[in-house]
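Below: a set of structures, written as structure tokens.
Note that chain A is present in both complexes that follow, paired respectively with chain B and with chain C.
For the complex of A and B:
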């Protein structure tokens, strides 16, 4: 301690760096700079095109002040309804499937073979993005909300099972043990020993996933998997910015409402 | 404690009392009704003939897609480099913009809780709730297709996410450290630099890497709407039904996702 103090005394204090090892700090800095220059120089920007586009950008921002809900009202309504329907159905099915998979992916309650299978399902589902799954499912099942519904259900499984499994692995063992000691069957053990401990978080995560599913359902239409995305894409293609602005405003409002709702529900269950 | 009287007069514990039981039952009923309605809607919009045909189609696509056309990778190096750039540069722009927004949105650093904080929160919600593909669609209409549109789309989408995590970190800082710096007579900016920034730096680095990981995923598909990167090749291969190329691209995307997740997990592990 005194050596350390002697070394420091008489010197000006300097802020400790985020990365302690000097060579690593320099290597990261230089490497990053080299990459940055290479990256920026490889990006081609057509500035005259960007400059031309600024008018359209301004028109789009202005369109937010005068959104047009009326002229495509039926398209917007049908698209939104389809998005919401897909969200609800996919969330219900996805949550229902992810509970058994989540139980299976928790190492402390599942035997090893079940654990490995469930973790594999989770890994597959998490590695594939929604939009790519949607492309494949549209190719297989044809256009329409069924492909979107299956995509969102599949994505929900990866997200929810993983987090549920982590929550189960972190639970208090003694409570579950107490239920087991009273002679409970396996199902009773899960129902009375495990479920009450993870339920608040499961409900919170499910609400969060509903929120994500709605946001994702807005883009699935781009590849033909149903929902508001197709209408939005058409509005952009026709440069109908006021309609596009109206759709975006509706999406933002619904997302905000869902977040508010999930906040209330989470506050109630915790 | 809710109890139930058995027929022989003994009492037995039950989980819920009568009101709770009924409200539970009503909620299940409403929930089931909503789900059935939703399923009906989806089912009506589906051509079931195609669905019954699905296993055959899936099998057909799989046999066409296997094996991947490995030689096609020569044409993929440039798009892979573009994809990496879209994610990295987009994340950097997003962080540069997210830091001021986060400071304006955090309760303890905002200059005005009444006027500026709601605006900052609105920016966070608006950028977060719209997917990067939609931003890309919009930016392509404005500044034309290409990598630049992808970078900006990723940047805008990430502002909300980064700013939200950052402002939560700022609100959770240890106030006594800030107070100690203030007590030495430091100016507002010095308090910021020596009292607040060192406390949020680890969470800032963690957020940056986390978002970079997500952005790698998102930038692989931005090309589907024309915003550059490997998605462009994916979309043209899909349009020409070149399934062996599609399977190769999907394989590359899968590897990219796994590598970026591994890198981000390592870096975050080193920071925290």
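For the complex of A and C:
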């Protein structure tokens, strides 16, 4: 038996820690805990205000028991229609633009300059939150669904291109290599070697994005970018909680329907 | 038919995978390339069709020098070099037929390939090849539904439908059982004979290589350490290629195999 083996026999084995220095490990752990407690205790809570607000909250929640679809039916209908139009148009345009940018943002298939440009576009789109973009675009194009449509298209690009590019980067190289070896052109190579590998994920992500765009379209109305959000905002301003509840219920139902639909589609394309 | 002149490949990491390889392969010759992992076998065949760019040296396919070609001309030359891969490298979510037809991509335009409307002659040839390897009824199956041996047969069809002059074969039997491995090797060698194709076959299994090929090249750390007939692979030679080991079992096994399977 070697000395090396004799030295370790009978000893407990432990997984080597991530941070080797014991004092640093403890300092980081304790430091985080202290900061966390300090951070939570620094958030002010005005308990008397909470007490007053409970009534309003209860009224809001109770309104869900008596949602009022009827008295603002035309407003709701128009807002919903506008939201759906925004969602569909923005998703189609956004996805169509995302695909070439996603290809360009994948390091394993794009040359460096193209990669950098596409990654830059993705970074810009992701850095700017929807609401901020919407406020800017409302300032440029005025109130209405055009601003919302452009906002959602722009946001779709950042989301979909990035995730598509990551899926392309994770693809099986040998399948793509085999297509290249046959003498295929670049587009043929993408169509045969890359597309089949990433298609299920692209479809899944696109469905997910449609879902997100619809939900976002309800928010964008709050800053005047059209859609059901505008109707919702008005209902809140007038304290018409039962109308607001009706709108929220419709949104929930539509999101659930989209979720169900995307589940079916994803199962079929696997 | 194929001539490599002083082929060198140095990877960006500084690893020298090929250190000046000279090799000439006449028309119709099937040769096996053996050697330890990391000896540069894969790099060598990928430098021929430039899936890996050689650092220096020349590759002649017939009268054409490949290393200086621009992308369009390279694509046209790649059509003459069919490639068969380790782990098959079929596009898994495409059908068997699409996988076979993808071997024609170098010949058809983008639009035709995009809508899968290949010329009738291509489709007929695809059916003929699938029939030849016994997979005609699998044409509409998705590639990932097939077993390993079946997938490699599809891979062979994909390479042959290119109507190549040369086959580059990278570890065709690496993930197959011993019986299927022999069947695949036999099929590749038969098809090469039928069509007068030259082939370079990278292979780990020395005994299997000896059973089927006319010539063996031993590669060691990027240099050719042996070039001769399969009978010339003695224990000494194997030691030169792979390093010290008791080789007698390997060599004896070959002799038994040859007695058992008449060529």
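Keep this in mind: the second predicted complex is superposed on the first by the 224 of 270 C-alpha atoms of A that agree within 3 Å, B and C clash if a C-alpha of one lies under 4 Å from a C-alpha of the other, contacts with A are read in each partner's own complex, and residues count from 1 in each chain.
Just so it is clear, contacts are C-beta pairs under 8 Å (C-beta built on N, C-alpha and C of every residue); 3 or more make two chains touch, one makes a residue touch a chain.
Predicted model, so just to flag it, every value in this text is computed and none were measured.
Undergrad: Figure out whether A:203 sits in contact with chain B (first) or chain C (second), or with both, or with neither.
TA: neither
Undergrad: Quick check on the superposed pair: does A:256 touch chain B, chain C, both, or neither? Answer first, second, both or neither.
TA: first
Undergrad: By residue count, is chain A touched more by chain B or by chain C?
TA: In the superposed model, B touches more residues of chain A.
Undergrad: Let me test your reading of the model: by the given contact rule, A:117 touches which partner, first (chain B), second (chain C), both or neither?
TA: Neither chain B nor chain C is touched by A:117.
Undergrad: Contacts for A:223 in the overlay, against chain B (first) and chain C (second): which applies, first, second, both or neither?
TA: first
Undergrad: Touch test for A:215: chain B only (first), chain C only (second), both, or neither?
TA: In the superposition, A:215 contacts chain B only.
Undergrad: Determine, under the contact definition given at the top, whether A:193 touches first (chain B), second (chain C), both, or neither.
TA: The second partner, chain C, only.
Undergrad: Between chain B (first) and chain C (second), which does A:180 come into contact with in this model arrangement: first, second, both, or neither?
TA: It touches chain C, and chain B stays clear.
Undergrad: Once the shared chain is lined up, is A:265 touching chain B (first), chain C (second), both, or neither of them?
TA: Neither chain B nor chain C is touched by A:265.
Undergrad: Across the complex, what residues on chain B touch chain A?
TA: Checking each residue of chain B against chain A gives 31, 34-35, 37-39, 41-43, 45-47, 50-51, 54, 57-58, 61, 81-82, 84-85, 88-89, 125-126, 128-131, 133-134, 137-138, 141-144, 146-148, 151, 194, 198, 201-202, 205, 217-218, 220-221, 224-225, 238, 250, 253-254, 257-258.
Undergrad: Of all residues in chain A, which touch chain C in the complex?
TA: 172, 174-175, 177-185, 187-189, 191-193, 196-197, 199-200
Undergrad: Within their complex, state which residues of chain A touch chain B.
TA: Chain A residues touching chain B: 15, 18, 35, 39-40, 42-46, 49-50, 53-54, 56-57, 60, 81-82, 85-86, 88-89, 92, 127-129, 131-132, 135-136, 139-142, 144-146, 149, 215-216, 218-219, 222-223, 226, 229, 232-233, 236, 239, 244, 248, 251-252, 255-256, 259.
Undergrad: Given the complex with chain A, which residues does chain C contribute to the contact?
TA: Listed in rising order, the residues are 49, 51, 75-79, 81-83, 85-87, 89-94, 98, 102-107, 110, 113-114, 155, 158, 162, 168.
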